[in-house]
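In what follows, a single structure is set out as structure tokens and then discussed.
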Amino acid sequence: MIRLSDPPIDPGALLTGFLEGRRETGAVVSFTGLVRGDGGVEALELEAYPGFTEPAIEQIIRDAVERFGLDDCLAVHRVGRIAPGEPVVFVAAAARHRRAAFEGADYLMDYLKSRAPFWKKSHEAAGARWVEPTPGDQADLARWETMETR
Amino acid sequence: MIRLSDPPIDPGALLTGFLEGRRETGAVVSFTGLVRGDGGVEALELEAYPGFTEPAIEQIIRDAVERFGLDDCLAVHRVGRIAPGEPVVFVAAAARHRRAAFEGADYLMDYLKSRAPFWKKSHEAAGARWVEPTPGDQADLARWETMETR
Amino acid sequence: MATGVRVLLFGPLRDVAGWRERTIDPAPATLSALRRLLADLDQALGAALDGPGVKAAVDKAIAPGDPALRPGCEVAFLPPMSGG
Amino acid sequence: MATGVRVLLFGPLRDVAGWRERTIDPAPATLSALRRLLADLDQALGAALDGPGVKAAVDKAIAPGDPALRPGCEVAFLPPMSGG
């Protein structure tokens, strides 16, 4: 499940909800991405295309669930203007065993970071600039495309 | 930081606390291990050796922080009798970038699962049995011992 | 009933054009006709729409080639994505 | 002042012995003397303490070899760990 959120997101509350009522899940891995405030960044501005962005992310989630045999996944992504220290994204993956949960969350984040339809502007002391996926993001993604499914 | 807890643990609240007041952290990965109730398990009983178990886990945390350049780590481990669906362990790793946070949490869990001084009894319909690390746990651990630090 | 086309710009395209959303009425017959019309209105935008990696979506689906446009449809121009 | 040794058993050793904690007073001089004394009290426990992978910790530090025991010290017998 993916949700876009204009108001701030609460990773702790999201994790609590995600853990509720589980009987077959042995492992839940969560990822929280925060805006770092140490590079002179004053705010991130994230734009999605509602109705287009969610289905693209749902497809990434379906791929992860199938590839790693996950129980389920949750992704909540902030849009709008986000201050340093605030969460940008929360992702959780549930599985019977921990290896699948780790790999599922890792895969989800790599695809979210470089394939999800968002446009991101970094407001910095020196001015504002649009951000594109880094070479590191591309390298992270390439891991899954060459790696065999375990 | 490691804490052993006799009362139930609250992963959502622990994640909220771990995320507070961060400026340089860009990525937080958490792991929650739950007792699965689908294999006829009625309860897990976990025993630690207070004063011996914590320093052993602190050493694992120090190794992870150094190896992956983490900002910090938190581990909270339940002891005593734990019912299906309840969390057994919560681990969180913070880093500037997501790859280090994922690897740090993954490493921590692998070492916790096979090297931490706990004794675990599984109470099942058929009786109670003491649990040892699985061959899968040993294989997970071996990954880090042959892998070069990135 | 709608007779125009709703046009959406994302990311840097919005900065180039100075707007995010606009209705072009009446609807041009095809995507290429819409592109020509936008380029006539704003040359800089026209150049940006032809830039590397800019995709068009019609009614929220990526549209390859030069699809026909119906009145009431939505056309979004999507520059290279930043990721989440 | 304590004159005995506090002995702790973990995991399956506890089930074999039927106890978790016990004071042996006066303190045996060495770890091997304590092992002999425990085996004399309970043959099954003595065998279990000699089992594969059972380690001894004196005052919460793994003790290789046959350390001397001081009055008031704590000796823990640790069977193979289950992990967390």
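Note that the chains are named A, B, C and D in the order they appear, and that numbering of residues resets to 1 at the start of each chain.
Criterion: a contact is a pair of C-beta atoms (placed from the backbone, for glycine too) under 8 Å apart; a residue touches a chain by one contact, two chains touch by 3 or more.
Values in this document were obtained by computation on a predicted structure and should not be read as measured data.
Chemist: Touching chain A and chain C alike: which chains?
Modeler: Neighbours common to chain A and chain C are absent.
Chemist: How many links in the shortest chain of touching chains run from chain A to chain D?
Modeler: Shortest path length, in steps: 2.
Chemist: In angstrom, rounded to a whole number, how far apart do the mean CA points of chain C and chain D lie?
Modeler: 78
Chemist: Quick one: chain B and chain D, Cα centre-to-centre, how many Å?
Modeler: Taking the mean C-alpha position of each chain, the two centres sit 28 Å apart.
Chemist: Counting in whole Å, what is the centre-to-centre distance of chain A and chain B, each centre being its mean C-alpha position?
Modeler: 22
Chemist: Report, in whole Å, the distance between the mean C-alpha point of chain B and the mean C-alpha point of chain C.
Modeler: Inter-chain centre distance comes to 50 Å.
Chemist: Spell out, as numbers or ranges, the residues of chain D touching 2 or more other chains.
Modeler: Within chain D, no residue contacts more than one other chain.
Chemist: Can you list the chain B residues in contact with two or more other chains?
Modeler: 33, 113
Chemist: Which two-chain combinations qualify as touching?
Modeler: A-B, A-C, B-D
Chemist: Across the complex, what residues on chain A touch chain B?
Modeler: 10-17, 19, 21-38, 84-85, 87, 96-99, 101-102, 105-106, 109, 113, 136, 140
Chemist: Considering the complex alone, what residue numbers of chain D touch chain B?
Modeler: Listed in rising order, the residues of chain D that touch chain B are 8, 10-12, 15, 57, 60, 76, 78-84.
Chemist: Under the definition above, what is the set of chain A residues touching chain C in their complex?
Modeler: On the chain A side, the touching residues are 33, 46-47, 49, 51-52, 55, 77, 88-89, 112-121, 130-133, 137.
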